[in-house]
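In the two complexes below, chain A is the common chain; its partner is chain B in one and chain C in the other.
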Partner chain A sequence: MEPVAVGERGLTYDARGLAEPEAVAPKVAVVQGDSATFDAEGLSTRQINLELRRLLYEEGVLNVTVANPGAKHSLGVGILERCHLRFGGSLGYFGLGLIDGPEVVVEGRVGWSVCENMMSGVVVVEKNAGSLTGAALRGGDLVIRGDVGARTGIDQKGGTILVGGNAGLLTGFMMQRGHQIICGNVGPGLGDSMYDGVIYVGGTVASLGIDCVEDALGAADLEFLARKLSIYGFDQTPASFRKFVCGKKLYNYDSLEPNERKLVL
Partner chain B sequence: MTTNEPATSAATERHVTIDAEQLAGQSFPYQHDASLVEDVDLLAATPGQDLNWLEDVTLLVEEGVPAVFDRYSNSFLKIYFPIPEGREDEIARKVLVKHLQEGNSYGIRLKTQHAKFPQPMLGPWVAGSARVGEDWSPPRLAGWEAPSGH
Partner chain C sequence: MCGIAGIIHRDGPGEVGSELTAMLQSMKHRGPDSTGLALYGAPGEALVLRVKLADPNEERDIEWTERLETSLEELERRLSKIGAGMDSVTRATDYAVRATVRYDGELKALVDYLEDIPGCEVLSIGHSLEIVKDLGDAETVGRQYGLAGFRGTHGIGHVRMATESDVDIAGAHPYWAYPFGDVAVVHNGQLTNYHQWRRRLERRGHRFASECDSEIIAVYLADELERGTSLETAMKQSLDDLDGVFTYVVVTSDSLGMAKDEMAAKPLVLFESDSLVALASEEVAIRAVLGREIDTYDPYEREVMVWSL
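Up next, the complex of A and B:
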């Protein structure tokens, strides 16, 4: 099957789903010692990711700066190595997914599902993030200095999500483990159907979701909050946060319909 | 890595959950000797300024034995030596990191054959690890041929 050029960028494509079947790292980076910089303008998502992997895996580079990422989707995914990355702009959706080890700074905003399934590492986003931030996060620190959209940390299985601004509805939806620290306000349905984990909120809570309850802050909570806030330069007082956890009344829920269960509860 | 320790889980032994020893076919010295994990530097082994992903790792009990969960193989790694009071989570984390750094996690062992794109063999826990996945090709069943038209 012959690939054909389609779309505004004229990318080659074939019906098997192999975009750019003959993708090759563009080798445009300027490497100096263990650091490298390259301009992503004019490069496709796959070319940018191939260049990143070439630098990290083949050239032994430990610090990479990507200029002009142009809010392209799925950038920086699947990096499984300790390294430092800096994106000099914004990322689109599913940025930095499936990573294990990198320490990343995004100077702009990010689209939805940033750091989906991240295993370990540190990601700091200097501005806002879309919905589903840290979806299914399994470990590491994800810091958003601005606001986030809905369903932050949906299905979160570990790690810490720290939001400097406000969070939307259903924050911590179906959360199973880990921590969230929301310095601002949160929308309706906080912690809806969460199984476990802890959500700290510094501002107001529009409403709690099903089976999410408030709990008292303990010494371990205050130590954890003080440590994380200090590391990432937030000046809120740990004692000013409220703590929300799972009420564990849904643990044995297996036969009633959701609406019936609400009546029981 | 090999060990003289007898495998506590024979291949035919049944477990409710996945057991790391059963996957590997052997147990490992650091499951039996605390001195082998004392020098593990947890902060150095994790990204950032604190324990990062290890923050969520705690000492658990599996089949009545202290154990730590290895998320890279979805299995429990049992710890047989006495654990000092107050150091439960620290010891669990050190045993797990030792297990990963030595490449004994079953998920890591599978990388040699099944990794589909280039990546470090030992993940982010060891600097300068060997690469795997650079010459992956789909496995073929001996004697099997694709139906005509495929």
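Up next, the complex of A and C:
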């Protein structure tokens, strides 16, 4: 599929209105059956994403390996196919956002806002992740084997975020649904202003955020933890985790005025 | 938005001029308005001064060149008068002067005397520090000031997207911690108690060269150093005293440090090995120097880290 030409010179434009002269897939991948590999060294973000889309949507490839992603931003966004992707290195900011279905392995680390608005699929990051990991995640599993920064799962609406290491400030901030499993320690303000959802923490908690409370682990929690930890090869025992949920005092839409609510809290 | 970067070679001098230029150029999208670098060369007996005689976006009327020549002559005259023996005076641009001088008097007296020349601002002073800043991206500034050949042990840099003050050299980072030689700061963020601290610091006799909130950090640290506080302690204290969202990087003659505020809202990615520490707002900047897969991490909220040579 040729890129949509806009204007007489056949250029396309990005969101800022700047011309994108590289709006053509570079066609550098080596395709073998339903698998393909290409080297992203020297390619721009746009060229890499166009090559990915060409392989998945035009060539019908199901397994793509991208070598040398070079920590570039916004790689692998908007992939809506059930397929396997492997990035042979680190991604920059906003990687793998808005995806629906792919199973992805990132061999390096990822920057801020990985998997923002992810709908479904599985993403496994072998090293660390920056802040806003899994922001507004809606479904699927996002696994970070290393540490994550601040505000992990901010505005999370579903799915599971599993962190092998530590998590920073305001983990689960304004979380609305879904699960988080943090194997290590978490920073201050855990679950601040969360609406719903469940956060399991294997290590220490620096402090709880507003309206976040500890709850008892039940049989369903233990079964869920055992399943997720086993799938992704983490050896912590489910019973060693603590469970945190919303206290339902901040956002339960009562008829209290803000100053009255302060008194209640 | 702005982008910040820092690098320190712990096992001897490296190509910090070209390295920082490459790091900053890879973050051009974070700030196209101006670029600045604070570089540390081999420390010498002489003091190195980087001075701007005018701002490049000033109105260039018919007397522009003549005024600059007059300012330069006055600069040389005042250096001589205050007893600073000049080793060399060169110009990278019409308005940017680099001077090496022999001077063992008070730095504050020297700088105040020079800045009394209309349009003159001392961008940096020190035995190894040199601050270069100008409008445009890193490659433009690097070419203009011949930074490709600058060898040194460490440095910091900044690409600026002007949000709260004008697009000019005065608003560009890094900021030198007047009147302390060899201390400079770059910052990404906003300080909400800027005016409060500015008034407080001005009452203590400090001067400000810009309206940029970031300058507060340099002057704040200078004030603490003046009172005998160690750099690391001053940085930790700044997390309580400065309000807003910020990540800043500071350099001294032998150290590189970073501090992140309690909201951790401004990014910083860090790579550390025995021989090299490189940090930047984005990993692509570090990769511009280390063209291979590396292990990096983000410092957490309220973290202060300092690395020394």
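A few remarks follow.
The rule is short, and it goes like this: the second predicted complex is superposed on the first by the 232 of 265 C-alpha atoms of A that agree within 3 Å, B and C clash if a C-alpha of one lies under 4 Å from a C-alpha of the other, contacts with A are read in each partner's own complex, and residues count from 1 in each chain.
We take it that contacts are C-beta pairs under 8 Å (C-beta built on N, C-alpha and C of every residue); 3 or more make two chains touch, one makes a residue touch a chain.
All figures in this text were calculated on a predicted structure; none of them were measured in a lab.
Within the superposed three-chain model, A:P238 lies out of touch with both chain B and chain C [touch as defined at top].
In the superposition on chain A, contact of A:G149 is made with chain C only, not with chain B. When both complexes are overlaid on chain A, the residue A:G111 reaches chain C alone and has no touch with chain B. Once the two complexes are overlaid on the shared chain, A:G209 sits clear of chain B and of chain C alike. Within the superposed three-chain model, A:R53 lies in touch with chain B and out of touch with chain C [touch as defined at top]. Once the two complexes are overlaid on the shared chain, A:H73 sits against chain C while remaining clear of chain B.
In the superposition on chain A, A:G101 contacts chain B only, with no contact to chain C.
With both structures placed on the common chain, the touch criterion links A:G92 to chain C but leaves chain B unconnected.
Shared contact residues of chain A with chain B and chain C: none. On the side of chain B, the complex with chain A involves touching residues 46-50, 52-53, 55-56, 71, 117-120, 123-124, 127, 131. Residue ranges of chain C in contact with chain A, taken from their complex: 262-265, 267, 269, 282-284, 286-287, 293-298, 300-301. Considering their complex, residues 53, 57-58, 78, 80-82, 100-103, 119-122, 138-141, 158-160, 177-178, 227-228, 231 of chain A touch chain B.
Contact residues of chain A toward chain C in the complex are 70-73, 89-90, 92-93, 107-109, 111-112, 127-128, 130-131, 146-147, 149-151, 168-169, 187-188.
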